[in-house]
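Below: the structure, in structure tokens.
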Amino acid sequence: ASPLVLISGPCVIEDYKTTYDIALYLKTLTQDLDMPFIFKASYDKANRTSVNAFRGPGVKQGLEILDAVKKELKIMILSDVHQLSEVEQASQVLDIIQVPAFLCRQTDLIFEVAKTGKTVNIKKGQFLAPWDTANIIEKVLSVGNERVLITERGTMFGYNNLVVDFRGIKIMQDTTGCPVIFDATHSVQLPGGSGKSSGGQREFAPILARASVAAGADGVFLEVHKDPDAALCDGPNSLRLDDLGPLLSQLKELKSII
Amino acid sequence: ASPLVLISGPCVIEDYKTTYDIALYLKTLTQDLDMPFIFKASYDKANRTSVNAFRGPGVKQGLEILDAVKKELKIMILSDVHQLSEVEQASQVLDIIQVPAFLCRQTDLIFEVAKTGKTVNIKKGQFLAPWDTANIIEKVLSVGNERVLITERGTMFGYNNLVVDFRGIKIMQDTTGCPVIFDATHSVQLPGGSGKSSGGQREFAPILARASVAAGADGVFLEVHKDPDAALCDGPNSLRLDDLGPLLSQLKELKSII
Amino acid sequence: ASPLVLISGPCVIEDYKTTYDIALYLKTLTQDLDMPFIFKASYDKANRTSVNAFRGPGVKQGLEILDAVKKELKIMILSDVHQLSEVEQASQVLDIIQVPAFLCRQTDLIFEVAKTGKTVNIKKGQFLAPWDTANIIEKVLSVGNERVLITERGTMFGYNNLVVDFRGIKIMQDTTGCPVIFDATHSVQLPGGSGKSSGGQREFAPILARASVAAGADGVFLEVHKDPDAALCDGPNSLRLDDLGPLLSQLKELKSII
Amino acid sequence: ASPLVLISGPCVIEDYKTTYDIALYLKTLTQDLDMPFIFKASYDKANRTSVNAFRGPGVKQGLEILDAVKKELKIMILSDVHQLSEVEQASQVLDIIQVPAFLCRQTDLIFEVAKTGKTVNIKKGQFLAPWDTANIIEKVLSVGNERVLITERGTMFGYNNLVVDFRGIKIMQDTTGCPVIFDATHSVQLPGGSGKSSGGQREFAPILARASVAAGADGVFLEVHKDPDAALCDGPNSLRLDDLGPLLSQLKELKSII
């Protein structure tokens, strides 16, 4: 059986130092656990709930920071793109290019990302049935790129709430043949639930992460922050960096049984 | 009370002749009914379920066709944009620029569209609570554009199904002050429900259209086709052009009571 | 086309005087409108959210009050049963026996009610698809009773919320051949949403009632109270008695167009 | 940490021999695993989808069979009640009395069951939020019975489908203090999904069972049959008896890590 993969980092690049520190912490932690690790941070949060929310350093400065961290630490980097015009630049730096959940049905963006030849991480839309990811994967394959991950991040359940259907992990693995990553921190968001931003239930992220590994997930995606309550984005659902070690050990142990 | 507005046309521009014929038919029909009318057709279906689906003539040729129809018939035109790069071109031709439901949270696209000064039609995402449209409207207002419509097109209800919450029309009118249009034909889609394309339940569109007017909608949005079963896009949920007249008369009568 | 039917009354029998006064008010109002009317009140709220909630006068005293009101005003009476042992007694007084939504799958209760030969009103469970009512109707028919109504009262939508799927009215009419009543006041409940009781959104009941008639409902079910904020049950979703007249006139006018 | 509890047996009592054989198999299996075990079988399926479905031997003969099995094998027995009149009889034989999901809001039934002093297993309604179980538990406690279990069996998700919200296990444990059992086989039902009966997705039951243990469930509830495809009730979601051993070993191992 393949080892559990970790995709982790802060929601958004706040500055070089913070980004580097988190990446270094995660690299060390996962090396000790012998766990494959990909660093994740966004340079632009292009779909924030409110017009006044912090969006990040933007594509140019953001990619520079990610490139510097990558070279310094020799780690793999994942980030997300939102415009056709960003994709080429992003592919110079990133190892895995992520298509955001809201954009997972935008055919041209999928094509542009797939054509880079980089690994593509499709975030499954909150509005999509598990079996409907097969049509998206086919779009990636149609341009000759076979390196695809699917990330589950919950499904709309009434208003301002998400639910994770753990049958979906198996369904997506079986219908697409792709590894399925479980995004435990976005799955506990309460979309729009705080008025001007999305709320979150950080306390449930470890529980759902454990459930996902037991249900057969190939990897977990966890947003972290040194001090989540002070985070500029997605604080309510981010995990404290210091709490990550014990959780990862446990997830690794669970994976060994499945 | 203001009169009921109709936004109608084929899902996608198939060619000039078909587009012109439908527009002429609708213009004549709505003139007879004294009903304000805006013609709608898309030049690019950028988020089709499958990679092999027909997408339309593209932005350049599509806008040329719309421009010709507009000048010939002297009617208002609405179409949707999917990329920042399309917006300026589209604003040369369109009277109302529509932001697709899947893209209603893309802040930059909202800004770009709003800055044209044209009327903006925000399609409410299938994943959004009615009250959460207020944050989107605020993005439009923040660049000084106060001409905004919201279009309801159903909310995810389990997998491959939508439900219309008619409380939402009032909620959106009250929280944003914007007119609310009800898209009866997309609301009866079964997203992804036909495997390689979305299914639809055309037979329920008139029922929901009637319910929406009784519930206080300011306008209705109805996709039509001369022969829906032969349509290149959204046939399963499009109405037959010949069935439109009696429905519109009835909707107008309902509106007069509310 | 058959006229719109009204089923209305207080949620629970509070005492004889209150019950009589409301019934008289409704009888007079519907006579003026020439609208068929059935009086509804419950003698036992057997499934209140909390153990401490008011439940009503009970089966014996409740049926006595309903019988007195019936004889005094010469009106038809509907109430609901919850135990096999109540059914025979209830059938002595009631014209229509209602099976509560939570109990709509209890085969023995359906049989017992159906065997009385009285008209049966099946409240569609909040957990049921419209097409699944056909199996329930078949249970009624199987004992030789063909007088059945189905009442729509909303479907679970996430937690502590209901949504009305107006496609369901047509679906149930077509699959069962039964008249479909729309319960506008229970459809705006927020189940369990107030902690110790269900909340409600009274302001949306007239909107949904209008939508239901436009969508083809055969009748509406509206709980009313002289002073809903002081009601002992379902106050948050009950309508003020004084507001009923204008609403009913409008519903009647809408029905005439459909 | 307390050991994982197993509640298991056939959906319905088909006859003495079948019931005894399954109980013996399960007793032996769980003794080998040192896993606390409660045998479950229903004597009456009072809420079958269709009027023609098999319902079981009924309360008298069913309880006799359960009593004989109990005395022969010296095991604990759980079954469900549907009428007030059954409760006293059932309490003579059963160790745990279960309140069915559809009936979890029937106050009198809860009282009657709670008053027996037996352990009460409340099946959480498919229409209930996790936090709303607290009001039900309070009804049990109000008559002086503190021995209560809650069983999660999925929540309505659109039509003819259920989803399990694994946040709910923790929410119910925290708000009620009761052990929470996860019913993996009813959670994979497709209610009404086969027209005249509920469908099921047996293949997902082990996956969800594993997820539930990882998410902190105190026990699992698994319906089994020697030959599920020939079962008279709930075959589509029952597990094959022969597949149970390896699953239980794995669940026990998962529990030891949590």
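In this document, chain identifiers A, B, C and D correspond to the written order of the chains, with residue numbering beginning at 1 in each.
Here is the rule we go by: a residue touches a chain if its C-beta (ideal position, glycine included) is under 8 Å from a C-beta of that chain, and two chains touch if they have at least 3 such contacts.
Only a predicted model underlies this, so the values are computations on that prediction, with no experimental measurement involved.
By the document's definition of touch, common neighbours of chain A and chain D comprise B, C.
When the interfaces B-C and C-D are ranked by how many C-beta pairs touch across them, C-D comes first.
Here the CA centre of chain C is 33 Å from the CA centre of chain D. Mean C-alpha position of chain B lies 48 Å from that of chain D. Taking the mean of the C-alpha atoms as each chain's centre, chain B and chain C sit 37 Å apart. In chain A, 155, 157, 159 are the positions where the chain touches two or more neighbouring chains simultaneously.
Taken pairwise by the contact criterion, the protein chains are fully connected, each one touching every other.
For chain A in complex with chain B, the residues that touch the partner chain are 46-51, 55, 82-85, 102-103, 105-108, 125-132, 135, 138-139, 142, 155-156, 159-160, 191-192, 196. Residues 157-159, 161 of chain D are the ones touching chain B in the complex. Within the complex formed with chain B, the residues of chain C that make contact are 155, 157, 163-167, 169-170, 188, 201, 203-204, 207-208, 210-216, 250, 253-254, 257-258.
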